[in-house]
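Next come the structures, one after another.
Heads up, the next two complexes both have chain A, just with different partners, chain B and then chain C.
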Partner chain A sequence: MRALCNREGLLTAFNMVSGVVPTRSPKPILQNVKLTVDDEEGSVLMGTDLEVGIRHRVLGVKVEAAGSAILPTAKIGPILRTSGDQDLLLETTEEHLLVKGARSSFKLPLEDPSLYPEVPDFAADRYHVILSGNLKKLIRRTVFATDLESARYALGGVLVELRPDGVSMIGTDGRRLAKMSAEAQSENDPPAPSGTPVIPVKALKLIERNLVDDDLLVHLTIQSGAAVLVRTEGAVIYSRLVEGRFPRYQDVFPTSVETRVPMTVGPLRLAVEQASIVTSDESRGVDFQFGPGALVLSSQAADVGSAQVDLPLDYQGKPVDITFDPRYLLDALKTLDDDAEITAELIDAKNAAVFKTPDDYTYVVMPLTRER
Partner chain B sequence: MVRPERQQKIIHIDMDAFYASVEQRDRPELRGQPVAVGGSRERGVVAAASYEARRFGVRSAMSSISAKRKCPGLIFVKPRFDVYRSVSHQIRAIFAEYTPLVEPLSLDEAYLDVTENLKASPSATAIAEEIRARIRGETGLTASAGVSYNKFLAKIASDERKPDGLFVITPKRGPAFVEGLPVGKFHGIGPVTRAKMEALGIHTGGDLRARSLAFLQEHFGKAGPYYYSLARGVDERPVRPDRVRKSIGAETTFGADLFTAEEARAALEPLIAKVWSCCEASGVSGRTATLKAKYSDFRQITRSRTSDAPITSRPAFEGLVSALLEPLFPVGKGIRLLGVTLSSLDVDAEPHEGRQLRLPLEADAALPSRGDREG
Partner chain C sequence: MGVIRVLPPSVVNQIAAGEVVERPASVVKEMMENAIDAGARRLEVSVERGGKDLIRIADDGQGIGAEDLILAFQPHATSKLESAEDLHRVRTLGFRGEALAAIAEISKVRCQTRRADADEGSEILIEGGVAGPIKSCGCPPGTVMEVRNLFFNTPVRRTFLKSDSTEAGHVAETFSRIALAHPEVHMTFRSAGKIVHDLPAVAGVRERIATFFGRELAESLLWVEGKLDQVGLWGYVGHPSQSRSSTKGQYLFLAGRYVRDRSLSHALNEAYRGLLMVGRNPVAFLNLEIPPEEVDVNVHPTKIEVRFRDPQRIYSHLLSTLRQTFLSSDLHSRLQPVPGGGRPVEASPSPSPSYPPATVWSPGGPSVAVPNPSRPEPSYGLESEFADRQAVASWFEPSRPRAEPPHIPDSVGQVQPPEWSRSLPGKFEFAEAGSFDEFTRPSEGAEPLATQAVPPLLPAAEPTRAASRVAAEPVLHSKAIQVHDSYLIAETSEGMMVIDQHALHERILYEELRKRVAEGRVESQGLLVPEPVHMAADEAATLLEHAGLLAELGLEVEGFGGDTVLVRGTPVMLSQLQPERLVRDLAEHLATQPLPPTRDGLVAELLHMVSCKAAVKAGQKLNADEIDALLARRELAADAHHCPHGRPTALIFTKSELEKQFGRI
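Then we have the complex of A and B:
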């Protein structure tokens, strides 16, 4: 292999790919990334930890001899970052990998590229097409609600539901649940995935990082209940699905809602942030008193103090008092636009509260009981 | 504070068949009957057995099924930990009148350092008798007491005249007493270590004393120096009244190594039961479950998992432990020891505030959930 690589182009790909490379692994070859240069197919940088894998295109490569090379992550990263060169020549000889700039050159040990595990490519011709901005929202608004520590492994990821004209993602840790739905198109009538496909958090974060623009089309396919593949403008991301069955979550939505309170995200978020200043690890709760014309938030904690925050409301119904862990509300409010409308659907202090936005986001939170 | 120049006076108080005796006290129809406190169901474990039941060979931590086999007339009684806790408070209040240096080991057992005491009594034996009489008068229950010059001997002494007895091991008699003591009675020597010692020709404290420190270290590693001291009747551990429990754990070394997940699950059951009843008894809950396994080559591993909310039901605890156990199989080497620990203890969980409610997701044994406490 011999290629003159634009340093910026290679570094962009490297920064995206090196994130999945394990720093320690029983299979030392996984501590590398693999570069394949080819004028016809385009040049690709690959990395995997066998759970999650990514193939990222590399722009600005002048191929002199097509081929592949294994690049040691721990050495290539610093070389790319410290070099002042516009282009670097990467070349494999009988024994070494050579990296040459104008005034620097590196000779690194050579590994056999055929030993690097296959990073699956996007081969499906039946898949869903989602707007990148929508996929970004789907991920951001659900991934925080997952629970990586749970003994129920399926809660360590986000459930994906695919319909011919839409996609939903659902994340929960057993105390709150986030569900986001968005429009999607389907290409060649993809089959409905079997079981409950759950994408691990690590893969979701990698996908989100690869969604740079909001108005590009992204392709998504679930492979026979075992893996998910996402194709963005510059990359293909592969991930094994989380094992275990996602619980039947439909039961958590209350059926008889009595109170609907319309609010705006920004002021609500600020009020919750203010009230949560005066909480402590022992006393986390903030009391929410929804009443005609105003929401009163109050909190108190021993040795910390107390706080009261009033938020004017366009609400004239009956009063409802309920206590929340403010962190749960902030987790969701932070993912929403400040000027968006949000409606709280309430029953009483013991039942789940549901927050909804007009763009098909639903967030269910269980309260704290008041046993003071 | 260790004052080696001064002779310590230590009392070990141990309630007799505590849970079972409380039940027999409160339900006269159980008196004179073989009673087991614990679940009678298939997976139940005996938490405590009355003396009548012990005569049939029923012991605590035995599975309810084998207990029933040994004693067909065994009466199972559901534990009432809140009652045991309140009796325990009564007893501790009595202790507190004699000395602030009380180290409770469990609800029914404690060490008291009475070297200096609030009654200015020179006789530890007199104090022990007085405490036993007061326990009987105020709770209607009997206790046994051991009096000696360190914790090790005081604990052995309390076992000497059980039930309802008192035994003193004076500094003069200490070494001779240890000499004749079978090694199996030593604190910290379980069945496996005992078998190993017996294979080495060590049957009594005297045999143990005859071995050099180097010999004991070679054969028993880190525990060597401890055994060396015990064999000489020496135990310098102070009575620590401020002891705060950081974890509750139990472990067993097996006579024969285990190779299958089923064997391991069965072996864990009494350990889980023991840890769980200890939690229930003391009213604490924990968030972290830890599984420890030692292989036949003495390599040891621990696996733990922490849940966000306190683990409040035994099935949830079992679920966590079995989730930790499964990935260990298949094993290359046999397992010689298994242990279970619950930590991140929360004595008074979220004291100032209500608790976080959970979504009504379908029940799952592996998912700790509050509010599904076992009856």
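Then we have the complex of A and C:
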């Protein structure tokens, strides 16, 4: 292999790919990334930890001899970042990998590219097409609600539901649940995936980072119930699905609603943030008193103090008192636009509260109960 | 022909003997109790071959008249009871009238006895229940019982006896139980011709404890006293540094009778919760005074088990009395002297120059307020301040696991009223101590050494000195250093203290959390999806039994049929624990507890889990500010001397101990 690579282009790809690469692995070759240069198919940089894999396009490669090379992550990264050259020549010899700039050159150990595990490419022809911005929203508004520790359920990821005209994602840790739906088109009538496909958090964060331009289209497919593949403009991301059961989240939504309280995200978020200042790890509750014309948030923690925050509301229904862990609310509110509307659907202090936005976001939180 | 027949009296007696007389020690117990019931002031016990060959009990009690002598050995004949109503107000140790008859049935008994007003004594010999004639004899007032060849006519029983030394051990244990219950009686115990114990009559039981269990234990005892309605409790409990692997070190006396009671034993362990390592049992010598009608001792012929009319009240009384004592006590672990190093300095007969013995180690204990004229003390000219001093004493006394000054001879012949402990009305009423603010803080264990330095009886000339010591405390910790990133060494006015940072921090957090729980601000985070947890069926049942209690602590569980429990909500303060693990741990804990745990016990268990996770770990470097903050907060924790698991948080090396180690004194 011999190719003259644009440093910027290679660094962009490298930054995306190296995030997947494990720093320590029983399979040492995984600590590297693999570069394949080919004029016809384009040049690709890939990395994987066998759970999650990414193939990222490398721009600005002048191929002199097509082929592949294994690049040691720990060395290539610093070289790319510190070099001032516009182009770097990468060349494999019999024994070494050579990286040459205008005034610097590096000789690195060579490994056999065929030993690097195959990173799956997006091969499906039946898939969903979704707007990049929408996928980003789907991920950002659900991924925080997951629970990586749960031994019982597959809560370490986000459940994906594919419909012919849309995609939903659901994340929960058993105490709160976030569900986001967005429009999508299906290409060639993809089959409904069997079981409950749950995408691990790590993969979702990687996907989100690759969604640079909100207006572009992204392809998404669930491969034989075991893996998810996402194709963006510059990359293909592959991830195994989380094994295990996802709870029947539909049961979580209360079947009845007593009151609906319309609010605006920005002021609500500020009020909750203020009220949560005087909570502690052991005493987290913030009391929400929804009354005519105002929401009063009050909190008190043993040796921290107490706080009261009033939020004027356009609400004339019956008063409802309920206590929340404010962090649960803030997690969700932070992902929403400040001027967006949000409606709280409440029953009483014991039942789950539901927050909804007009753009199909639903957030269910179990209240805190407290001996009084 | 009928097959049911009435048994002849001798068979009845042998059957009774099977219940009452299990081994020689049983004979010793019955005979010693008889002697004490007879008002003996001296009691001599001798056994040969562990009591198999001979048991001889001699007392100087009231004796038996010649006309009663034959009757005394009849079954169900007694002088201690007249009617069935008397059964409910028994004040004597025996009352069933069975023992002598039973013993006489299975051995050869010779009884010599003389009433003090009789001219001569009388003697009777009974072999296997067959009485010989009553003869007159010469003997001192009192009774001498000789039981020879126990079980000679029941060979089966005899084969069940263990070796001589084992049986002698049982006799010794019986002897010590009775000796501990009746310190006012001079008792002697001989085994195989050698004197094992010669115990002069003493006022307090501490001397006897020292004899039986060693001086180290006796010196570490804490005085306990409390009275609730008509239930009186007094005695000694061991410092937490003294513990046993079994409950054998626990002596509970009810009206002078050694008894065993599981629930009171549990109360004792409960009181030591957090002070002892798991699996260790406290040492205690406690007397319980209950109106006879409140307790039924007629449960078992040997009367080792009793029934209380209101066991719950006695349980909680015992528990609260002990807790009060611990709260006001210095429970720090002391450096154990190196082998051969002798006793800790404070017990040393030669006072170090810096501690005038009269002020620092003023003799006392419970006898302080009943000063013994033979012990001149500087406090004698201060009668006008007696009340004050008494109150001061009441506050400080229990906090000092203090030695009797060894230079004062054993109080032979100085028989003080056996009721000494109650001659000090209200002496340990903890409520009144609150008025002594100046001393309250140090005695909470905050600065125990200073507490010890303040003499319990403060002579009038001393207050300024004491006050300056108290005022000097806050700066005492200023020189703390950290070693191995795990231990803190702080200088105190009396020496130095080595503190386990993790254990101390854990304790502090535990106390803070407990306070918060006590304030009732326990939050529960509901689960969207109730989490089913599988466990053993008995654990599930136990857990659900306590569902109400758990809900108070923020853990909402409900049954899901069979061995599955549904968790609906978890405590916020434990949110870092997986609900499943939390519930399993708790269920296991509940199922293995011998008695239904109290709310406090459960709270403690939960809080242990939290505080242990949150506390700084050993190996964590602390900067000077953190060390100061940790030591400053040490004073806030009620039991700062032990971590919640019962490990000590601090070791104390007194200056004099150091000096002794370096051979300076």
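The criterion applied here is as follows: the second predicted complex is superposed on the first by the 370 of 372 C-alpha atoms of A that agree within 3 Å, B and C clash if a C-alpha of one lies under 4 Å from a C-alpha of the other, contacts with A are read in each partner's own complex, and residues count from 1 in each chain.
Keep in mind that, in the parts below, contacts are C-beta pairs under 8 Å (C-beta built on N, C-alpha and C of every residue); 3 or more make two chains touch, one makes a residue touch a chain.
Just so it is clear, the structure is predicted and the values come from calculations on it, not from any experiment.
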item	value
Simultaneous placement of chain C and chain B on chain A, clash or fit	clash
Which of chain B and chain C A:Ser194 touches, first, second, both or neither	neither
Partner chain in contact with A:Ser25 - chain B first, chain C second, else both or neither	neither
Partner chain(s) touched by A:Ser104 [first = chain B, second = chain C, both, neither]	neither
Touched partner set for A:Ser224, first chain B, second chain C, both or neither	neither
Touching partner for A:Ser306 - first (chain B), second (chain C), both, neither	neither
Clashing chain C stretch [against chain B; choices 271-279, 487-495 or 505-513]	271-279
Footprint overlap on chain A, comparing chain B with chain C	149-152, 172, 174-177, 247-249, 251-252, 282-285, 302, 323, 325, 350, 352, 364, 366-372
Chain B to chain A touching residues, read off their complex	305-308, 319-320, 323, 350-362, 364, 366-369
Residue numbers on chain A that touch chain B, as the complex places them	147, 149-152, 155, 172-177, 247-249, 251-252, 282-285, 301-302, 323, 325, 350, 352, 364, 366-372
In the complex, chain A residues that touch chain C	149-153, 172, 174-177, 247-249, 251-252, 281-285, 302-303, 323, 325, 350, 352, 364, 366-372
Chain C - residues contacting chain A, complex	512-513, 515-516, 519-529, 531, 552, 554, 569, 572-573, 578-580, 610
